[in-house]
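Below you'll find a set of structures to go through.
What follows is chain A paired twice: with chain B in the first complex and chain C in the second.
So, the complex of A and B:
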């Protein structure tokens, strides 16, 4: 087996604790070290690394919406230089296979934080963007977790989030539309959680349509 | 697959288990790792092939089939399969007969260089079956040899017209010359250590040295271990690279060639083979610029060694060597984190824990302080003794005068070290005797061991500590088992022409011994403590018995009492009981003045836990001429089951007993080894009404013609089943819930 990021062959380092571990590794130890998992203390709600209980972003959202439609966000990694580079390869240079490098940690995080009966909603991509990229990165991540998908949402807006300023993002109109009634327990899947506006737009729609719990699982918290 | 080759080694090992068991385990292994095998199909293929190979190659240790029985006489060609080893009284080597059976040959006289490894000779020999163990716990010489592929022994065979030799034969001869040379130039003590530590030749060690090293679990230092080979290789490499300024590449080539030569020179012991082959493989891999995990190398060497010599599997040194190496490789993250001292402590501890079940299974005890002594002596042997001995040998081969000087230094340091070790009192507290553990306890131990090591590896020290306590708890559990056992047992040990009985009362409420006899043997093997050392002590230890409550001596004849003092010394009975007597001379003769026996006579009653002893005879303290007729005769009653121990009582004595109104007896210890002077018709008619079983302790083919056919017939005519040590080996009576069952050791 070779590392999905650096392509070097992965060797099992057999010790007492890995003696009976026959899982296929997709990430070599050195790459694994460079990907930095989020450490405490974090915002209780969105996992932003901060000393405060509730970060300023989340406080703002509470004020803005009255009641935040998103129950909580869970992320796996921080957005360090290595992750930025890898993310760029994954999203903009079409290296789809990299997604498997995160398989173990992504699955593990889902198991730790979310109930089994949750449905996954990969954040939809606008059609033009899908053609450009060839795949939906959120869907690729959602496929790592063995859980039913909810596909009743489409995206109508076109603008790239990354080109917008924070205020533009916060004040933009909702780019999503529901086509089906959402299930009760929803976990929104996306690659990046920056201000949380995308995820919250989606959450708001579903809460309105009757969803009871809407959380999100994102690979990176920047 | 890398890092998982050990799975193939596990699968290869399965081939040694009984076929049904191995298939079940293989199935389980395939099913639980279905996904793994699916993505490693060719590894699966190789593993399955190895499994079949292992089943085909692993020796059948069950009874030999009809066409494969050993001939009593053999005349014909034979291949010399091992280089002759000269011992104190004989020279021995192995030969393969034309039907591919292996025989061990012992010759009183062998001309030098007459027997060459690999030669084909014309032979004539009478082959004997190897003696089998006849007691539980006893060392089984037959299975020991069978597990090396040897089916019989021949003494002083005629060996003529030898032709040819194998290509390693000159090496063996060179080794002989080298060893002789070492004997010539060095003092006996120096040559003894040099031969053992550099060439694996241990014949010069005396018993005291071996016993001391074994007592402290240091024996592994006397054999050439992986540590020695590693050190030797490192030294050679350093000398070649730094001393002779040879390139790395050529230095490796030289080592590659010299390692196999050294394996032969070092007597090809399993540990040397393992360490040597591992080194060869590691060097090869380095040369080919491949990366391989050490554990994989070990697994490959394991399989290769067993393919070449399937019998290695049964050798203790092979098992110990691989188990320890494997454990230490798996512990590398644990071991390498701290300083030098902690590393040594951890290595010592982990090796001991990994070996503990094997140690208990084979030796019934371990030494709890050995871990400290290992800490001292392992560095002493590797850092001091080995380098000094190697240098000494090299200096001597180069004929330099420094050799004398260095030898003086060696003796000056080594002598006090060894004296200190021998002088160290062998506290019995340090010796932890657990008994022969059941397979179940061993299984539980290893599961807990794996979990503990995994916890330790992950740094979860608290959990690891809890499991470590559970680990030791396994052996406490093993020790506690007899205390929960309701059964009452009498074991008649096979001590040849003599008596020795061990009585285990229910729930270990007491352990009694009746007699500790030694056999009179006229040969060089004669030792006054043969039975106690080789039969009684291993039996008691295998049952986890370290102290007994009472030793009863029926009378003062050699075949009943000679081992008594040894038992008093090692098992510290709370009481020594003998028949009331006037003549006290034999007591001091057999026991010295250290022990004060308690005199018993008719009417005395003793209580031991769940057992009562009622003394029947003697009635006087005068022995009326015959020691036999002055035997201590008693009835042991446990849970309503009565056994009459009749000592060596003869007819006149029996007549006197009959007047004493005996209660019904269930089991009879037949007097005087079944001699016709005892067990008279009148006695059996009176005493034997309720007796269903009788025990006769008697030597095979003894010169007294015991037991008498008349007595046997007499017993059988009264419907009594006779159990005798000459045909059944040791016999154990188990009495449980009012039912007694008898299990002979050799059915």
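So, the complex of A and C:
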């Protein structure tokens, strides 16, 4: 077995206790150590690490757009240097296999926070980006969790989120469009929760179309 | 001659579509004309996949991207393909996959123009250097192979000048491949200074420079993965070093990057077994340079045993033997390098001693090395990354924990070779601190003794 991130071998010595252990390991101890899970205290809504009850991003949304369509966000990891590098390789180099390294903790987090009957909505990617990359990173993450997917949303905008400033993101127009009626319980899946505008735009549409609970599960809260 | 405007940019290269950086219409036109040929990115060889850029075959180096997705677009390649396979080994240079092929230039080949007077260098070579230089000229003329086995500080770069001169006059394309980016950064400016009328491209991960049919490419070995049938003269510096020696794909990259008839020159102070055997069996012409350019013998490493050294290292404390060594340097106002086995050791030691440290992942490594060279620091702690290629004029060297497995014979010889490099100060102290004596340490000492003996013999003969 090899670590999915650093690709070094993680073969353990064979002992009686490991001999019958068929679980597939996808992370080496050193990479595992550098992945930093989010610790309390956090914003109770979006899991940003902060002392305040509600972080500035969430407050801002409510001030500007009114009622927050997103019930809550759950994230797994912090956006530390190591995560930035790994994310860059995953998304911009297109190293799909890395997604398997996050499998256990992503599944675990889903089980802890979300009801079984939820549908997953991987945030859609603009067509041009999808072709460049060959996959949608949100869908790759959604596939780690064994839940039905909802595919009735498309993205119309082409612009890269990461190239925009915080203000531009918050004030941009909704880049999504619904093509089907959404189910009642929706969990939006994405790789990164930065200001939360992407996820909230998607949530807004679905709430309007009749979804009851819309939350999000993102790998990283930056 | 270079009628096609794209030829200088693409001749002799093997690139991904986005590296070609062409508009769709030009790209299609070149493909139709047959000027660009498509090479499948990943090929199936018997039971293995092989990446056609880095030539890895290890199953763990290949990843899969599922093609069945909810986001199905109208022009998806073919619905029958379940997944695409891509290479993870060289993904830092852009993704090669069963869906992302490589492209090679097949149109008119661009050649660098001949230069009548390529060099302004007026230095003189020693007798031994001259011998090696002539052998290299011979190898370039006959398009053959040559091993230059020269001790550290023999003046390898100058030895190349005569050969380079001939090559540039004939309009040959030359590549100097070296394992480390630090060496590229040191070598390229030197060659630019001494050969001002030729075009030089210095390539390593993160440079902006591009090679548009340059006369001379100075590159890390990894950069050769972007080449195919490109060079007339290939000089492989430090053939025995990591990662060239370690990574099977790099020798393949070198073999691919040269033209069918080419001269291949290996440079090293410490050839590994395979080259030694080839040399003994007369399969590989070899020139041995046992003497440094300044004619003084190599500093003989001193061995100094320290009990429980590795416990000390782990705790970040230092045994008296080593502190005494450091104090001696300080009182004599000698600058020194401390080699340690691991990054953690370097970090811990740096905290106790208050000396900066460098390792392969330090972000400010270029700057630290530069400042040490410019005498801003009295000392520097380093892992094996500074073991070779870099020259600091007059320093002492200690290896702390020389019995660690990272310090093999070659590494120790190279480290010892950092001392006494300048003619004004040809003696430097080299000390190996260890707990358990290893074969590598003994061999490194024997090597030094042997080379010094050979050097003495040569001096006697030539007088």
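In the analysis below, the second predicted complex is superposed on the first by the 210 of 222 C-alpha atoms of A that agree within 3 Å, B and C clash if a C-alpha of one lies under 4 Å from a C-alpha of the other, contacts with A are read in each partner's own complex, and residues count from 1 in each chain.
In this text, contacts are C-beta pairs under 8 Å (C-beta built on N, C-alpha and C of every residue); 3 or more make two chains touch, one makes a residue touch a chain.
Computed from a predicted model, the values in this text were never measured in an experiment.
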Winner by number of chain A residues touched, once chain B and chain C are compared: C
Touching partner for A:130 - first (chain B), second (chain C), both, neither: second
Which superposed partner A:24 touches (first chain B, second chain C, both, neither): first
Chain B versus chain C as contact partner of A:111, first or second or both or neither: neither
Touching partner for A:149 - first (chain B), second (chain C), both, neither: second
Footprint overlap on chain A, where chain B in one structure and chain C in the other make contact: 9
Residues of chain A defined as touching chain B within the complex: 9, 11-19, 22, 24
List of chain C residues in touch with chain A within their complex: 60-61, 63-66, 69-71, 73, 84, 86, 88-89, 91-92, 94-95, 97, 99-100
Contacting residues of chain A [partner chain C, same complex]: 2, 7, 9, 89, 93-97, 122, 124-125, 127, 130-131, 134-136, 139, 143, 149, 151
Partner chain A, residues of chain B touching it in the complex: 2-4, 6, 33, 35-36, 39, 291, 293, 295, 329-334, 450, 453-454, 456-458
